[in-house]
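Just below sit the structures, each encoded as structure tokens.
Presented sequentially are two complexes of subunit A, the first with subunit B as partner and the second with subunit C.
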Partner chain A sequence: MPRRIVTAIRGVGHRAIDGTWRLGYASRFFVLTLLKSATAFRRPHLIIRELYFTGVMSLIIILVSGLFVGMVLGLQGYETLQKYGSEAAVGTLVALSLVRELGPVVAALLFASRAGSAITAEIGLMKATEQLAAMEMMAVDPIARVVAPRFWAGIMSMPLLAAMFSAMGIFGGYLVTVVLIGVDEGSFWSQMQSSVDFQHDIVNGVIKTCVFGVAVTAIALFEGYDAPPTAEGVSGATTRTVVTSSLAILGLDFILTAFMFTGVN
Partner chain B sequence: MQRTTMDLWVGIFVLAGIGALLVLALKVGNLSTYSAEKSYVLIGSFENIGGLKPKAPVKSAGVVVGRVTAIQFNPKSFDAEVTMSVDSRYQFPRDTFASILTAGLLGEQYIGLAAGGDEVSLKSGDKITKTNSAVVLETLISQFMFNKAAEGDAKK
Partner chain C sequence: MTSENLVEIKDLNFSYDKRPILKGINMTMPRGKVITIMGGSGCGKTTLLRLIGGAIKPSSGYVKVGGQIVHELDSDGLYQMRRKMSMLFQFGALFTDLSVFDNVAFQMREHTDLPEPVIRDLVLMKLHAVGLRGAHNLMPSELSGGMARRVALARSIALDPMLIMYDEPFAGLDPISLGVIGNLIRRLTDALGVTSIVVTHDVQESLKIVDYVYFVSEGVIVAHGTPQEMRESDAPFVHQFIHGEEDGPVPFQYPAEAYASDLKLERGLA
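Up next is the complex of A and B:
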């Protein structure tokens, strides 16, 4: 009996040490990426290439989901608000929920599953096929050449994608409520404009998306760089990227919202 | 893929993203209604501000002329001191009446300014002396009840 307890405690200790080691390794990797970013900025074409793969290739899924999320928000909001005779406030509802929460969060979740997983799989496979080792043999630093451009491209494309998601969603809400249902167009826009504050809502939303962009790309890059160099290892790392970054997005969103939108009215 | 095609697509992507941000700022947000005009500060002390909050509009004849910037409690006079910034295009006479009103039945509260007849205008930092507190429903009901009770007594 005591031996079993000792084994259990040992298991906890092992996990704690392992987790701490991994966290430290991830932080060192993150700092190293930042330190070696200068090379990436000296060769902007590397970043542009990655912007194409993470940003442009994610456009369709972001735009289509944004449109549908906005349309559903418009429909549901109208259903509820028309009971109180204030269906013109549906513009406010759609815009505030998109700009503050849904835009950043849903766009980041889509970004994690569309671009994050691709980054992890690509780097993991590069490691498994010893391309990273080959680069090091040729005195090319893989962190400066492969990791840093992807990191900065991810951070740049995330706010742009989220802004397009929100704009598309508001257009979807407009389409359903004004064009299809027939809510008054003037009050739709004017109520929206009077309640969405540039500083308080839009800028805070953009700050959120920047934080999510850093989190998602850092997690994806680390998981890929750290993946065991086997087919199984790469697939496991890809799954972990999606799961970890989704949880990180939701957790960070709660913390950021608690700081940004409480206390002030 | 050709480098130029890729550059083109990335350019389109970046421009579309910035465009979306601009749409959010100008069409959805209130950036377009921010005026670069100068404003001046007026202070009004109210007995009770009800549910008035900072950033609430200040209206005159229904037109928004300014915003509430700060609300403080004055521990000497036991009133609420409301600081508002008013667009300097609009000048108000010294005997302007400020009252806290409600937009609609459940709407937000705002400050209504009703101009008086004085020839001297309010300057920045001036205090509005004539104020009218927010209507508190409980006070209204209790007044009504007292009046009813008083009527009942008078009839006897």
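Up next is the complex of A and C:
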């Protein structure tokens, strides 16, 4: 019995040490990526190529999801607001929900599952097939050549994708409430315009998307780079990317919201 | 030692998690020769290549390449040295998102400022040397195993290195591709004046093309000599390895309890 307890305590200790070590390794990887980013900026075609794969290729899922989220928001908002006779405020509801919360968060979750998983799988497979080792033997630093361009492309794509998500969502809300239900178009837009504040709503939303972009891309790159070089290892790393990124997005969203919107009406 | 030797390995030890992998290795590799390191799977051959390339550091002893002790170099020094060496990985390790042409051009674009027309001519010349000039537009996924290995070979000679390391270049190839790769290694070594280190367990193919052989078993060099000396050797390990015998110094059976006791037959036998 005492031996079991010792084994259990030892297990917890091992996990704690492993976790701390991995966190340290991830931080070091993140700092190295930042330090070695000069190459990526000297050769912008490397970043542009990755912008295509992470940004452009994620457009369809982002636009379609944005449209449907906006349509649902419009329907639900109208249902509730009409009870109080304030259905014209549905534009405000749709816009604020999207710009402050749903746009950044849902777009980041979609980005993590579409682009983040692809980045992890690609880098993990490059490692498994010795492409990264080959690059290193050719005196080319894989962090500068492979990791840094993807990192910056991810950070640039995320706010743009979230902006498109929100714009498409507002269009979806407009379609449902104004075109289909018949809410007055003038009040839909004018109420939205008067209640959405550039500094508090839009800029804060953009800051959120930038933070999510850094978090998702850094997690995806690290998981790929650290993946055990086997089929099982790469699949596990891809799963971890989606799970860890999603949790990080939701956790960071709470913290950022607490700082940004406390006391704002 | 003389400058005739490009690679010198002295009292090299390497342990992984306190498990010794290499124990007191001494080797010299003269310029312009094909040297092969043979041994069974997991005997430490690839580790030796990784030590020569500076991917890992020895526990003690040293590897000298071109007069420089590899593990004492800082990362800039190591990258400078790696520009003069190249490595052919077991399955080619071609960049799957780049075409055959771009794979061969990769190092030229990374390390030189050559204009694109010059790079184009050089790449086609390198590909011609391995017989694949016509395949320059293909993607790695469209190549057979032997072709991928040849493209990787063209890529490894892209910057005219002084040392090429081959990690199991014959693994998984059909007899024709095997002969082609073997002859290419010999021909390129002679034509370019490079030194080639071939890590393999393919006895027959490698003995045909190499100048000197080192046999490694369980982390130590058990025999070395010219291919002719090795063929005639009566050292038990070399004999077993060259003739592919099932049992010998490398036992067929993994260490286990006595057979009878494992089958719980002691009482019946007694």
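Convention: the second predicted complex is superposed on the first by the 263 of 265 C-alpha atoms of A that agree within 3 Å, B and C clash if a C-alpha of one lies under 4 Å from a C-alpha of the other, contacts with A are read in each partner's own complex, and residues count from 1 in each chain.
Note that in this section a residue touches a chain if its C-beta (ideal position, glycine included) is under 8 Å from a C-beta of that chain, and two chains touch if they have at least 3 such contacts.
In this text the structure is predicted, and so the values were computed from the model without any measurement.
Chemist: Quick one: subunit B or subunit C, who's touching more of subunit A?
Modeler: Looking at subunit A, the partner in contact with more of its residues is B.
Chemist: Using the superposition on chain A described above, determine whether A:138 touches subunit B (first), subunit C (second), both, or neither.
Modeler: A:138: touches subunit C, not subunit B.
Chemist: Looking at A:89 after the superposition, I want to know if it touches subunit B, subunit C, both of them or none. Which is it: first, second, both, neither?
Modeler: It touches nothing on subunit B or subunit C.
Chemist: A:166 in the overlay: touching subunit B, subunit C, both, or neither? Say first, second, both or neither.
Modeler: A:166 contacts subunit B only, not subunit C.
Chemist: If you stack the two complexes on chain A, which partner ends up touching A:130: first (subunit B), second (subunit C), both, or neither?
Modeler: After superposing on A, A:130 lies in contact with subunit C but is clear of subunit B.
Chemist: Between subunit B (first) and subunit C (second), which, if any, makes contact with A:248: first, second, both or neither?
Modeler: After superposition on chain A, A:248 lies in contact with neither partner.
Chemist: Show which residues of subunit A both subunit B and subunit C reach, each in its own complex.
Modeler: Shared contact residues on subunit A (touching subunit B in one complex, subunit C in the other): none at all.
Chemist: Over in the complex, which subunit C residues touch subunit A? Could you list them?
Modeler: These residues of subunit C touch subunit A: 53, 55, 79-80, 82-83, 85-87, 89-91, 93-96, 106-107, 110-111.
Chemist: In their shared complex, at which residues does subunit B touch subunit A?
Modeler: Contact set of subunit B toward subunit A: 1, 3, 6-7, 9-10, 12-14, 16-18, 20-21, 23-25, 27-34, 53-55.
Chemist: Considering only the defined contacts, which subunit A positions touch subunit B in the complex?
Modeler: Listed in rising order, the residues are 45, 48-49, 51-52, 55-56, 59, 95, 99, 156-157, 159-161, 163-164, 166-168, 170, 189, 192-194, 196-198, 201-202, 206, 265.
Chemist: Considering only the defined contacts, which subunit A positions touch subunit C in the complex?
Modeler: Those residues of subunit A that touch subunit C are 125-126, 129-131, 133-141, 145.
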